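Letters A, B and C name the chains as they come in the text, with residue numbers starting at 1 for each one.
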Amino acid sequence: MAKKLVIPIGPQHPALKEPASFDVTLQGEKVENILVKLGYNHRGIEKACENKPYLHDLYLIERVCGICSHSHATCFLQAVEEIAGLNVPMRAKYIRSIIGEMERIHSHLLWLGVAAHEIGFDTLLMYTWRDREIIMDLLALLTGNRVNYAVNILGGVRKDISEEEKGQILKAMDVLEERTKYYAHVATEEITIKKRLSKVGYLSPEDAVKMGAVGPTGRASKITRDIRAEDKYAAYGEVDFKVISDDNCDVFGRAVVRIGELMESYSIIRQLIKKLPVTPLKVPAPLRIPAGEAISRYEAPRGEDIHYVRANGTDKPERVKLRAPTLANVQSVSTMLQKGYLADVTIVIAAIDPCFSCTDRMIVAVNGKDEMTWKQLRQHSIDWYKKNRGVDFTKVKLGIK
Amino acid sequence: MLLALLSILIFPGFLFLFILALAAEYIDRKLYARMQTRVGPPWFQPFADFIKLLSKELIIPELADRVIFRTLPLVACAAAATAFLFIPVYNAESIFSFKGNIVAVIYILTIPTLTYFLGGWYSRSLYSLIGSMRVLTQLFSYEVPLLMAVLAPGVLASSWTFSTVINFYQANGFLFLVNIISFVVAIIAVQGKLEKVPFDIPEAETEIVAGTFTEYTGPLYAYFRLAMNIQTISVSALLAAVFMPFGYNLGFVLGVIVFLLKILFIIVILAVIRTIFARIRMDQMVMLCWKYLTPLALFQIFLNIILKAVITQ
Amino acid sequence: MKNIGTVLLEALKSLFKKPVTSEYPLKKREIHGSYAGMIAFEQNKCIGCQICVRNCPANAIKIPKLADKVFGCEFSMANCIFCSQCVLSCPKKALHTTDNFELAQIDKSKLIVKLEELSPESKSVIPEPAEPKSDNPASQ
């Protein structure tokens, strides 16, 4: 067993739902080193945003991530609204927050199921995903869609919440709260889960700061930072909530934080529904956004989401930059896995709730030797695929007719 | 001669075993699904899966040893089925009976596990390699408690032959209930032998794809799956004979029904265990087997020795 | 010991409950009326302003002129991302969403639907919107 093995986890692997690659160097069952490789799913979204008007960008940005679609859309819009100087009405802000919290609930329930599946506990996966249907149905009822809600528009929201829908939301929150209490009991008491989660993937608070961990990953390592509490965007200034943190610093702590956040989300939604003010839903928004730039931060279910937008007075942005939370968290994976077991690799990766296709961005080194213009880069990629993969992209027809 | 051939091929031989094995898979999957509030597969699903896998393309890895790679699934099937022939079904005598056949059955039942190891080893794939290492590690941890637990009832009956053990307990009423500790130990160890949650470490899907079976496709994989199902039946029959030694003098029809009920009971227990636990790690599995199961099985053997001294006095 | 098998009770209870999953193509679940599925088009309301075409982020909709002041609607289900921006943009409310979500086709050409001239067969594929519109002669 002394021989070292390098096991590839990914880009295609049953444990990973998205393409990313981890080369795990093994000594027996123990992990000696782990190499994270990203970039299998670069979609060029930032560049595409520059070529489309803001109205189209909104829907494109919403598709950065399947789970936190509302987070990205809201984050982008907050930046654009700041540049344009739009005063979003309170009711719209409330509705944005309600949908955002619902998204957090559905994301965290999804994570709980995925984490259970990674440690072979499929029963918990089936139970949590069954209850996730409640919130998915609620979102479909409120917005018309189960994932890409398209509820935001520039200057407000598109759909209102009626009295009848308020009742349905509150009823669903009661059911979900009771179920979440049960899951909290199972996840923190069940011996096989505890054995698999506690003291696995340890990330000390110092390392968490050094690696820039955000969101539940950071909060499980005693970093009590939450953009909802710090920045108080949307309607978060008007509600009381605790920033959940945990001092276990391991995967178990991350599970505890997420379950705690679920409970907080139910309370936030109840408060928001109760206080929902009566104002118009939107303010008229201009097609051309005046020149300017803005950075917007948003607490997505996976952590801090940052969008930067620079406008130049036309109807298209000059530059859009987005940093998805996974990019901040994925660095810490190799630290977490030091002295771990092979069996822990997938659960530790899953514990940061990775979303690799949101993460992949391209960077061109400005002062490096390989500096390329956009055209050269495009030509390079066409040549590379022709040479290495036998695909001739010049013959592939783009555009829709 | 003809009768012997019939009993090997049809009842209680291969055909009976084949149907039982598929039924066992169906019951396991259906219960698993229903406990997770899913609908679950229809009754013919295991058979349909078997036929489907048989008709699929067979891909053998370039570096694998072709002969061994092809032979192993059949060896696994044959070994699991052979074990069943030594286990009594409706009367205390099995088809082929000899002295000390409990020990023989346990050892024959080890052969499928070894073929899983060899199958993974000869696949020459990284995932298979790790899977086969895990199969072997797991074998060394559950085999000892399993062996001790299954032999413990025989200590009381002063024999390791099925017919003697069964006749001894049938003559002594509810005496078989003293073996409850070793029954629990055996059930847990069997869960490890059948590689089911919480001990599905060798084929942990989310860690090493499919473990030893990663490179097996089509018909060969179908035979491995069949071997696993036959093994389930054989092990359940073994536990039924050793720990539930009653209902073996009821005649053919009633005897078979009682036998099936006993097997159903054990399969249900195995399915429930598989539903309610998470997969544990290899080191935790070894720890569990050597720290808790082995002492428990030892305790049962000592208890039986003392009991035996009390009874014979 | 209390911590071993905490879901045992729930699992055993589930054995006697109705399953949550369903055999999908055989049993369909109810979809809420506000679901943003297939787009429906009312020809008599359309004024051919082309705002929906311009605002569509996926180039999924086209409003060709059929005759004087009569406009058709060519809709590509393959391109549509179901954001219902066209419904929002339409100044005359000639477009609305339906709860039809079973839009997959084996034949690629069937993905482009001409909403104004639906033949009786394809009508079964794209049913009428959830609320009956008997006073609507356009969507024939």
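Definition applied: contacts are C-beta pairs under 8 Å (C-beta built on N, C-alpha and C of every residue); 3 or more make two chains touch, one makes a residue touch a chain.
In this text, all values refer to a predicted model and were calculated from it rather than measured experimentally.
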item	value
Of B-C and A-B, whichever chain pair has more C-beta contact pairs	A-B
Chain at maximum distance from chain C, centres defined as averaged CA atoms	B
Whole-Å separation of chain centres (CA-atom averages), chain A against chain C	28
Length of the line joining the C-alpha centres of chain B and chain C, rounded to whole Å	52
Cα-centroid distance, chain A relative to chain B, in whole angstrom	45
Sites on chain C at which at least two other chains make contact	5-7, 11, 20
Residue list for chain B, restricted to those that touch at least two other chains	35-38, 275-277
Per-residue multi-chain contacts in chain A, two or more chains	123-124, 127, 130, 190
Contacting residues of chain C [partner chain B, same complex]	5-8, 11-12, 14-15, 17, 19-23
Partner chain C, residues of chain B touching it in the complex	31, 33-40, 272, 275-277
In the complex with chain C, residue positions of chain A that touch it	52, 55-56, 58-60, 62-63, 123-124, 127, 130, 133, 137, 140-141, 143-145, 148, 150, 153, 158, 182, 185-186, 189-191, 194, 400
In the complex with chain B, residue positions of chain A that touch it	1, 5-8, 13-15, 26, 29, 116-124, 126-127, 130, 190, 192-193, 195-196, 341-346
Chain A-facing residues of chain B, complex	35-38, 126-127, 129-130, 133, 197-198, 200-201, 204-209, 275-284
